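What follows is a set of structures for review.
The same chain A turns up in both complexes below, where it pairs with chain B and then with chain C.
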Partner chain A sequence: MTLSLALEARDLSQLPSRRDEDWRWTDLRGLIRELPAPSPEVSADLSPGPFGDEGQAELLVVNGRVWGDVGLLTLAEGEARVVRLRFVSATAATGHGIKLAVSLAPGAHLTLLESYEGQAPDYLADAALNVRLETGARLERIVLASDHAEGVSVSTASVSLAPGAGFAQTVLTDGARRQRLETRVEHPGQSAAVRMDGAYLIADRRHADLTTAVNHAGTDGTTDQLVKGVVADQGRGVFQGRITVSPGADRTDARMGHHALLLSDRAEVNAKPELLIFADDVACAHGNTVGALDEDALFYAQQRGIPEAEARAMLTEAFIGEVIDRIVHDGAREVARAWAAKRRVG
Partner chain B sequence: MLSIKNLHARVEAAEILKGLSLELPAGEVHAIMGPNGAGKSTLSYVLTGRQGYEVTDGTATLDGEDLLSLEANERAARGVFLSFQYPLEIPGVPAMTFLRTAMNAQHKARGEPEISATDFLKRAREVAGQLKMDFDMLKRPLNVGFSGGEKKRMEIFQMAMLSPRLLILDETDSGLDIDALKIVADGVNALRRPDRAMLVITHYQRLLDYIHPDKVHVLAAGRIAATGGPELAHELEREGYDKYARAA
Partner chain C sequence: MPAVKKTVDSVEALERYQHGFITSVDQEFAPKGLSADIVRFISAKKQEPEWMLEWRLAAYERWLAMDEPDWAKVNYPRIDYQDSYYYAAPKEKIGPMSLDEVDPEILATYAKLGIPLREQEVLAGVQGAPKYAVDAVFDSVSVVTTFKKELAAVGVIFCSFSEAVREHPELVKKYLGTVVPASDNYFACLNSAVFSDGSFVYVPPGVRCPMELSTYFRINAAESGQFERTLIIADEGAYVSYLEGCTAPMRDENQLHAAVVELVTLDDAEIKYSTVQNWYPGDPETGKGGIYNFVTKRADCRGDRSKVSWTQVETGSAITWKYPSCVLRGKDSVGEFYSIAITNGRQQADTGTKMIHLGEGTRSRIISKGISAGRSSNTYRGLVSAHPKAKGARNFTQCDSLLIGKTCAAHTVPYIEARNGQSVFEHEATTTRLSDDQLFYVMQRGLSQEEAVQLLVNGFVKDVLQELPMEFAVEAQKLVAISLEGSVG
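On to the complex of A and B.
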């Protein structure tokens, strides 16, 4: 059951609900009482997206319709490219979905600067990416989700890797009325490497759900994950991270960290870190913390002359900074840094 | 400079300071000594405006201005600096960034222009050189992974950069070996000036062999139980605090 199926079949009963374990904190069926009209075709918006003019090419998707050459997402052997992929929801009270394929031949290298841009309230948006990386191919995916406060958005990336491929992503979001950013990785091991980071900065009554699942099927694979969140007001953050080490996937090295700060009494974080290990001889670790801002550090900064609000902002920005520092693409890292500074919550 | 009169303060329900009075003139260094639990750290937090420390009576003024009604950062901008017993680690914020933010916040509060990046860097290099500090340390996140001695030296560095009028050193000697202690004490002594006052809070006399106080106050049970010259510190070292704890 997915939002995509519900939109296609125009059938509310296809929406995932809190009875689905994977969706218990991001209930769509309870939220959506009727399906909106399909989004109209509107002409491509030409104002720049959050990544500005970083990279060489842009693929624009407005209301579920592609403007541009989807071939930008298919890279031949040894080819390298930086592409902006923009998903724009432009029309209020309508719904749309899109499916795209990303395909990297052996040795290809793609940096994908992916943005979700909500320009009107009350939309339902679904985006599905099917990603295939062949041997030695590398993808760095930086996702910046700027949905509308009243938008509902689901993005799902299904990634499969060949041995020796490298997949790294950083998902940054400030939430929406309800929003899920999900990534599923089929990991063959055999020197393939995965990094799956994320940061959420949630205020007001927004909601963001970062869900990831990695399945290690072969030996000698690595997964490194760092997700951090800051939630203020009545915001809600959800982190579900599952790493499965299948039988025989020996010498897997998997690390998962999720750390969140709650800045108000009514802020909420739901975290479900899972390591399912069915192999011997593996190195797996996970750490999960949820807490308040360090009052001692706050006083220390104030004592040196920094006003409280500025000190709070500095400390939360530094907290998120650890995730942003791991972004490899220089331009994207600076965009992410500016985003975190601007989205200061609390 | 600093004038404290009949100060009463509590933390949660417990009254810690019970009528403390103290005059610290400009240019002088006063030591506050006392047994554990006498209220030494409470005094430093009350003077610097930490939340959770409630003043129930009395006054504290800096050059006639009421300190107690100001926010912690406003007091800092007026020139109050507390060197922490355990300086905090601030992951993700390079020491330079932290200090420049603090410096500019103080300048702004005083209506002075911001310090330019070039001027700041120049001054930081100068001061680091004087303190024999590795300049690269300032590029690292503040105090993260620093040794006890490095942290205290970083406090002295911040002190020298921010140039406060009233310095409060809270158990600056704790956790320092003798070499680190000398470096810290030299740094503090270099900051002595006729228009600057220092309050040195310590449990042991050791630090006072290196930072020579003009006066020594004994803090026991929330008030000043005795005041004397440097010889008082030696007496305390010999005889302990028992006499004062009992009298209180």
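On to the complex of A and C.
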């Protein structure tokens, strides 16, 4: 059951619903009453995306159609590149899906500046990325989702790593009418390293769902995850993180943290940090906290003459800042910082 | 050399499941299988009033329309609900009886299990040892309840469920099914239709129950299930501590235990509910036999400032599937859950709790320690939720898992749902194995590997053990050792 199946088959019953355990907090079947018409082809003549002109090249996907060279996502041995990958939903009340492959040969290094841009309301958008990293390849993926408040969007990345590869990602979102950003990683262990961070800043009645699943299949793998969120108004944040350690994946070191701030009485956060462990020589831990802004910190700031609204903004920005500081690409980190400052909620 | 003797004894005691013997008593069975007629049969056997029968039949109707759930991380062949006895009782007269009337075989059984059924026996130990009253449930009936008079003197009702239906129908009618409705889930619904015996406790306003109450459940009959029902009500300002223990013989077949426990606390009341679950876990090598323990336990903290504390030590059962929960409805009410779940051999456990914060200022605390060894699988599954009205709700959860051996599994699946901005939820979980350094340190000081593991495991579960009433803490500590026997080396 996926949105992409429903769009392809034009069959509503293929939509995931709250009865599917992995979609319990992001119900699509209850939300979507009829499938919209397929999105039309529109010109790719667009203003710059959220990453501006960072990096060397841009691959544009508008309404599910690729404009540009998909070869940008295939890196030869030892090649290094910074690519902007933009998914744009340009037409109201239509639906579209796209599947792309990202392939890194041994030792290649890609920085992917990925953005989801909603320019009209009521769209249904699905994007699937299939990522393969060979030995020693490295991918840093920074996702900035700026969907329309009335858009519905699902993005799924399936990542498989060869031994010694490195995958790091940071997903930043301010939600949509319903939005799911999902990453699945096949982790071979053997010194491959994974970092999977995320931050959500949600206001109004928006919804964002950050779902991740990492399967450690071999020995000596590490996974480090930090996801933070701030939810105001009637927003809803969802975090589902699953770390599986398969039999024999000894000396796995996996750590997951999810921390959320609720800034209003009607805000909602749902979290399910899961550890499934089938090997004994492991160190796995997760921490999860949900709460309000620290009153003491707020008081401290106000006492020093900072108005309450300003103090709140500072504190939430600092809270999210911890995730943003971990972005390696300098330009992307600055874009992310500006994004967080602009989207102060609460 | 008493020390050596003691070691030999304890090693022998560790050999295997100690409560696996079978008592041969004349038993009476309902015909095999499940139908509306069987429900009527059980109700008639218990001389129940019409309303109780109606309630059972309504539950049976609903059950027929329900599907068996399959979301837990446990695997077992489909249960044939028609291939089991739903009523098995020693051939005796129904209803309360004096100890002299109880079959000596049954008395011997409880003596062997170390459960004091004679009131003077309780006092026979150390001077000043605390008393505790026992309700002994043997298959489908309660055979004896001790200290009833002494408890009645302070207004505490402690009796078997069947007796409560007959003697206190107004209380049963008022509270039965209000915490766990018949339609709650598949197994609770089955229980509502065919429940046999269990305990009923009512503590009147302002009374602090003068002794620990306990129920000891024993499955004895073959090819039967046990479906007990327990209802405990602590009226305003009352306090009661209740203990529950259970064992079963070793058999090659799987037996179903689907109980329902309902707790109700009114204003300022407190219930402390402790379980030491040691049903037969099945053969550790082949996984043959053992109890399916599919239990629904829930507390409704209706009153303001009321409190319920669940403590469980889960060492037995082939499959455990249970989530003792607290619905924190009253303002400033408190829920606690302390759990040790140990799986060894081929056992599977999917257990945890639900803390549902509905009222303002409600607080909850969850400490769960899971230990898996052998080829077993141990899952903590828990829900903490705060309703928009639960302003100032607080939860702290700590789930630690310990793995012993390469072939076992430990899972942590917490669900957190916060729906207001004034609640604070904290959750932390770790999964590790026994540290080589610690083992080395302890063994260096002269302990064997087995003893060293026991010492470290006891340290690991200490936070929960200290929540148990003293009588149980000692037993639980021994159980921890027994359950892990053969898990290292």
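Odds and ends about this structure:
The criterion applied here is as follows: the second predicted complex is superposed on the first by the 345 of 346 C-alpha atoms of A that agree within 3 Å, B and C clash if a C-alpha of one lies under 4 Å from a C-alpha of the other, contacts with A are read in each partner's own complex, and residues count from 1 in each chain.
Note that in this section contacts are C-beta pairs under 8 Å (C-beta built on N, C-alpha and C of every residue); 3 or more make two chains touch, one makes a residue touch a chain.
Just so it is clear, the structure is predicted and the values come from calculations on it, not from any experiment.
After superposition on chain A, the partners chain B and chain C are seen to fit next to each other with no clash. Taking chain B and chain C in turn and counting the residues of chain A each one touches, the greater count comes from C.
Superposition on the shared chain A places chain B and chain C such that, viewed from the Cα centre of chain A, they span 80 degrees in steps of 10.
Look at A:265: by the touch rule set out above, it reaches chain C but stays clear of chain B.
After overlaying the two complexes on the shared chain, residue contacts for A:290 are found with chain C alone; chain B is out of touch. Once the two complexes are laid over each other on the shared chain, residue contacts for A:274 go to chain C alone; chain B is not touched.
When the two complexes are overlaid on their common chain A, residue A:158 makes contact with neither chain B nor chain C.
The superposed three-chain arrangement places the nearest Cα atoms of chain B and chain C 15 Å from each other.
If you check the complex, the residues on chain A that touch chain C are 21, 247-248, 260, 262-292.
Interface of chain A with chain B (complex): residues 294-297, 299-308, 310-311, 314-315, 317-319, 321-322.
Against chain A, the residues of chain C that register as touching in their complex are 71, 388, 391, 401, 403-433. Touching chain A in their complex are the following residues of chain B: 48-51, 71-73, 76-77, 81-82, 84, 87-93, 98-99, 101-103, 105-106, 109, 141, 158, 162.
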